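Letters A, B, C, D, E and F mark the chains in the order given here, with residues in each chain numbered from 1 onward.
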Amino acid sequence: MTTAANQQQVDQLRELGAATVYEAQGAKGALDSGMKPIDPTVRLAGPAFTVDCRPADNLMLHHAVQKARPGDVLVVDAKGFLEAGPWGDVLTIQAMKVGIAGLVINGCVRDANLIIALGFPVFCRGLSIKGTAKNQPGKVNVPITIGDVLIHPGDIVVGDRDGLAVVAQEEVASVIAASLAREEKEAKQREAIAQGAFTSELLGLTETLRRLGLT
Amino acid sequence: MTTAANQQQVDQLRELGAATVYEAQGAKGALDSGMKPIDPTVRLAGPAFTVDCRPADNLMLHHAVQKARPGDVLVVDAKGFLEAGPWGDVLTIQAMKVGIAGLVINGCVRDANLIIALGFPVFCRGLSIKGTAKNQPGKVNVPITIGDVLIHPGDIVVGDRDGLAVVAQEEVASVIAASLAREEKEAKQREAIAQGAFTSELLGLTETLRRLGLT
Amino acid sequence: MTTAANQQQVDQLRELGAATVYEAQGAKGALDSGMKPIDPTVRLAGPAFTVDCRPADNLMLHHAVQKARPGDVLVVDAKGFLEAGPWGDVLTIQAMKVGIAGLVINGCVRDANLIIALGFPVFCRGLSIKGTAKNQPGKVNVPITIGDVLIHPGDIVVGDRDGLAVVAQEEVASVIAASLAREEKEAKQREAIAQGAFTSELLGLTETLRRLGLT
Amino acid sequence: MTTAANQQQVDQLRELGAATVYEAQGAKGALDSGMKPIDPTVRLAGPAFTVDCRPADNLMLHHAVQKARPGDVLVVDAKGFLEAGPWGDVLTIQAMKVGIAGLVINGCVRDANLIIALGFPVFCRGLSIKGTAKNQPGKVNVPITIGDVLIHPGDIVVGDRDGLAVVAQEEVASVIAASLAREEKEAKQREAIAQGAFTSELLGLTETLRRLGLT
Amino acid sequence: MTTAANQQQVDQLRELGAATVYEAQGAKGALDSGMKPIDPTVRLAGPAFTVDCRPADNLMLHHAVQKARPGDVLVVDAKGFLEAGPWGDVLTIQAMKVGIAGLVINGCVRDANLIIALGFPVFCRGLSIKGTAKNQPGKVNVPITIGDVLIHPGDIVVGDRDGLAVVAQEEVASVIAASLAREEKEAKQREAIAQGAFTSELLGLTETLRRLGLT
Amino acid sequence: MTTAANQQQVDQLRELGAATVYEAQGAKGALDSGMKPIDPTVRLAGPAFTVDCRPADNLMLHHAVQKARPGDVLVVDAKGFLEAGPWGDVLTIQAMKVGIAGLVINGCVRDANLIIALGFPVFCRGLSIKGTAKNQPGKVNVPITIGDVLIHPGDIVVGDRDGLAVVAQEEVASVIAASLAREEKEAKQREAIAQGAFTSELLGLTETLRRLGLT
């Protein structure tokens, strides 16, 4: 049975960061490099409340902020359209009131100055002031795909300056363990480097380099 | 008869910001999402002094800085070419000497460190150090089109981190009024949200959501 | 005979900056506008230690950090692929241990927060957490081409917020001289502008403008 | 008073082609290079029946085909969104029944095989089978902007393999005259070239080349 | 229990085409508009033999052509890299010898003249002659994601000039039924249009248009 | 001493094609995948007459057609700008009169219908009817770089549907020999495939696949 990640696990994943989590779970779950935080200093983690909507229409976002629970990350497939900003200041304030942890949107947002000032983490493809209608149907809490990554409701989204990684609910515990092991290993590598070792030795690449005639 | 916007109006528009102005005037006049400030913290407003020039040649920019008046925003269609920076430090110093309020260029600029240090607002498509010639003819103070927005000389350009909106001269007063009304309405929405209301109610979306089977 | 640039020359080039150096050497050697520093405040200069490798594989980078000398800039052609980050924290620490001056990579990197915190200058096309293999052969210290610029090992790479310029080893002295002359000329132009002159006069454009009927 | 172009004029413009018309009217009115015919052998001309709609929703197209008159070209701003095909086989059959001359859409279409087989001229940004909703309001017969060209209802759209040019209604007669003059001049140039002349002489470039030291 | 699609079903899907199949199964399963046939006249259908490989390395393709069965469509995630052509003439001949039905690759190919002459259906992002290595591991017959569509081994891939749609194995029968029903409905619509009906009536849009004030 | 390629060698290279030549000379000299023939059926080969010019200005092209010799291929760096077509019908007729073998331009062209009808091979980045000025200086017969490939005057350019490869003058003989050897080897591979062999065996990949656990 799948159990939701608890707050401590979410905090750990946020601290570990997207790159470490991605590698630790076997180099999977990374969104594409076009998805970026509007404030590069933020860090985000939380279970995905997914939204499948049409480009340039934010009816479903108004629906989603009413349905999401505290700690959720809204993960919205707005179809990658760059010339509309379906999320802005009012929705940000609504989301923060609810306790939503942040937004990941395959599209653009606006009111970036206010969003940054409020400290609400937003990951998107850019900024657009162009408006949206409020007519189009959509779906919440269904699997969606952004940047070639399938995201299920409840998957934990982890984001920072580098980008975003998604962890399946049932793998949270094992991914944290693997991430911590990876961090420990890297800490030892750093120490070894400080003492004069080279990464080619530490990572066992000497044989490969020799085979390629590179030593 | 069209009267030029006065300084107080320009200041108001700058303060209101691009997204509010765009919405208040009926969701029109927004440049595309590829036009960005090189310093995201700047805010810009002023009447457009338009320049229609060829890519990778800045002769017309040297002409324009001599013709523009204090407070003007140079709005330059350099045809979206990314591999040349027809604007740099010398033109910035010239423009500031004249009292030009800022630059909006459909193309790239260079010397960004100095421009930012001087506090001169520049909106563009990127940075390029590649040089330009000084041979090509062009036009000033003619209607130009950037990012699918037709801009007439004297139109007020409003820019911030979110992007750029353009207000027709003859609509300045009404757009300011509509923007202030919009801000007031949003202030009330925020207050209502703080007290537990949801945006779907505040924006009258309940009926639409019900029709779509979403409540 | 070509002599390597000395440290004073490298320092001068870094101080002069990419745009000035590019112009001073005859408007050549500028990489394309898609190559940007991940921390826009850094400045970089140093002789290129070139790496020709395949996309999404960093075996050659582990080889290169072992072969490069203090002060070198790693200049890596990773073929412009955006969906992999072949450089991260461990390689950064390794490079800093060696005394490598910075990284220019035709591709993406990850662990940007740490790289910025450590102050290691990195110029690239974006950020990606996606992993790389360690299998593919490649070459070091061969001529490579990035953004239509041919770069030889030992060429001096100069980078800042504006982008990157490359100076041939044998031209370093003359390019510095020309850059200083250019700076002096521009200083005089700024002074003249402060006293009321216009760039069209200072740059001798009056005749061209007259011929085009623009005065 | 503006008079609509007559059929003979439309036929002449179609025959003259986009590049000639664009040049003859003073190098204006060309849509961007991303707008292409799905069948490169087609030629199109006719007065624009404009449609301003939202991306991924074709309600307004069903409205437009009912309002347009025989000979009209539907010119649709679907906001450049590539991941939806709001036009397909049924709308094509409807349009041909009405006598609509063709479609220009800032977006994608589908059912290209059938459209080509039926010989209905379509210019667009690509092909997408992704579906559209039928909910969103829009406008017909208002000025729209595609690829930085402002298009008024009734403007004559001219398209072929090279792309698209737009001629203002009131300039049709003069543009045809200028185009014919241009064709005549080019015919003479071809003849002169056949007899050994060079384009630099025929176009009066010798003096410019001499000034640049190029002869 | 899931049964593989039989040949008759595959033939039906190929005949129905990507757009119809996509719509009939509820507007899902369409790859993005950047995936195109190199010969726009081909039609393709068959069960996916999936390959997950690294960019610019075709070792896994040589493995896959040995493992796939007659009628399979190789569906390859080469990570969207445009500057390598991991598939060419020799692999085409090998694939045809095996009886493989076609190739869908998230990347480029080469030897397009020969591939077209041989009539082997290939869908890709472009053409590149740049070579690939044969070193990198990968996986076959695992779920992969291209253009935001999750593809399982055995899913039926349907492609034509418009693009590509993917049908889940267990839905083949129902999707064919829905597609045929859709074709029948569209045939009636065409007939009605021929007799003077309008699509707005046939699709029941009159009420929506009236509500928007558009009749 | 470098000798120019003779006509027989040029004919051989054209027949061999870009992909074979690229591989035979050690996987180098391939232009990027964005450079395509406007008529995919053409084949091109000939020594490069290089032109370095500015975007949207064709003065140098008029100069070049007067200087080039029969059999030359004009190879023009127009800086990749897509919104101008500096080459059209008149220059095509001029070039054919001179006996120029074809055009490769880092930019766009127009009058594609006529160019195709005349059978003049053109490789470019797209089609644009937008006009060019005739003011800007440039250089002919200097090394230029397109798509990260350095091209010297006299290098042999080879192009077909797949794209373009460039062969250094001094390597023409050896590259032809290597290409013919490669063709012979591939012919044997095809024969072996016809008799049941697999490419993994023919290319010696069995050991690598075994090491990766893939057999």
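As a convention for this text, contacts are C-beta pairs under 8 Å (C-beta built on N, C-alpha and C of every residue); 3 or more make two chains touch, one makes a residue touch a chain.
Every value quoted in this text rests on a predicted model; they were computed, and no experiment measured them.
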Report summary line: Ordered by label, the neighbours common to subunit B and subunit C are A, F
Query raised in the report: Which one of B-F, B-C or B-D makes the same contacts as A-E, at least in over half of the residue pairs?
Result: B-D
Query raised in the report: How many angstrom lie between the CA centroids of subunit A and subunit F, rounded to a whole number?
Result: 43
Query raised in the report: Roughly how many whole angstrom separate the Cα centroids of subunit C and subunit F?
Result: 30
Requested in this report: For subunit A, jot down the residues that touch at least 2 other chains.
Outcome: 83, 135, 137
Query - All pairs of touching chains, each written as two labels joined by a dash - result: A-B, A-C, A-D, A-E, B-C, B-D, B-F, C-E, C-F, D-E, D-F, E-F
Query - Partner subunit D, residues of subunit A touching it in the complex - result: 54-57, 79-81, 83-84, 133, 135-137
Requested in this report: Please name which positions on subunit F make contact with subunit E in the complex.
Outcome: 17-19, 22-23, 27, 30, 32-33, 36, 40, 160-163, 165, 186, 189-190, 193-194, 198-200, 203, 205, 208-209, 212, 214
**Report entry** Complex contacts: residues of subunit A adjacent to subunit E
**Finding:** 77, 145-150
Report summary line: subunit A residues touching subunit B in their complex are 59, 62-63, 65-66, 82-83, 85, 88-91, 93-94, 97, 108, 110-113, 126-131, 134-135, 137
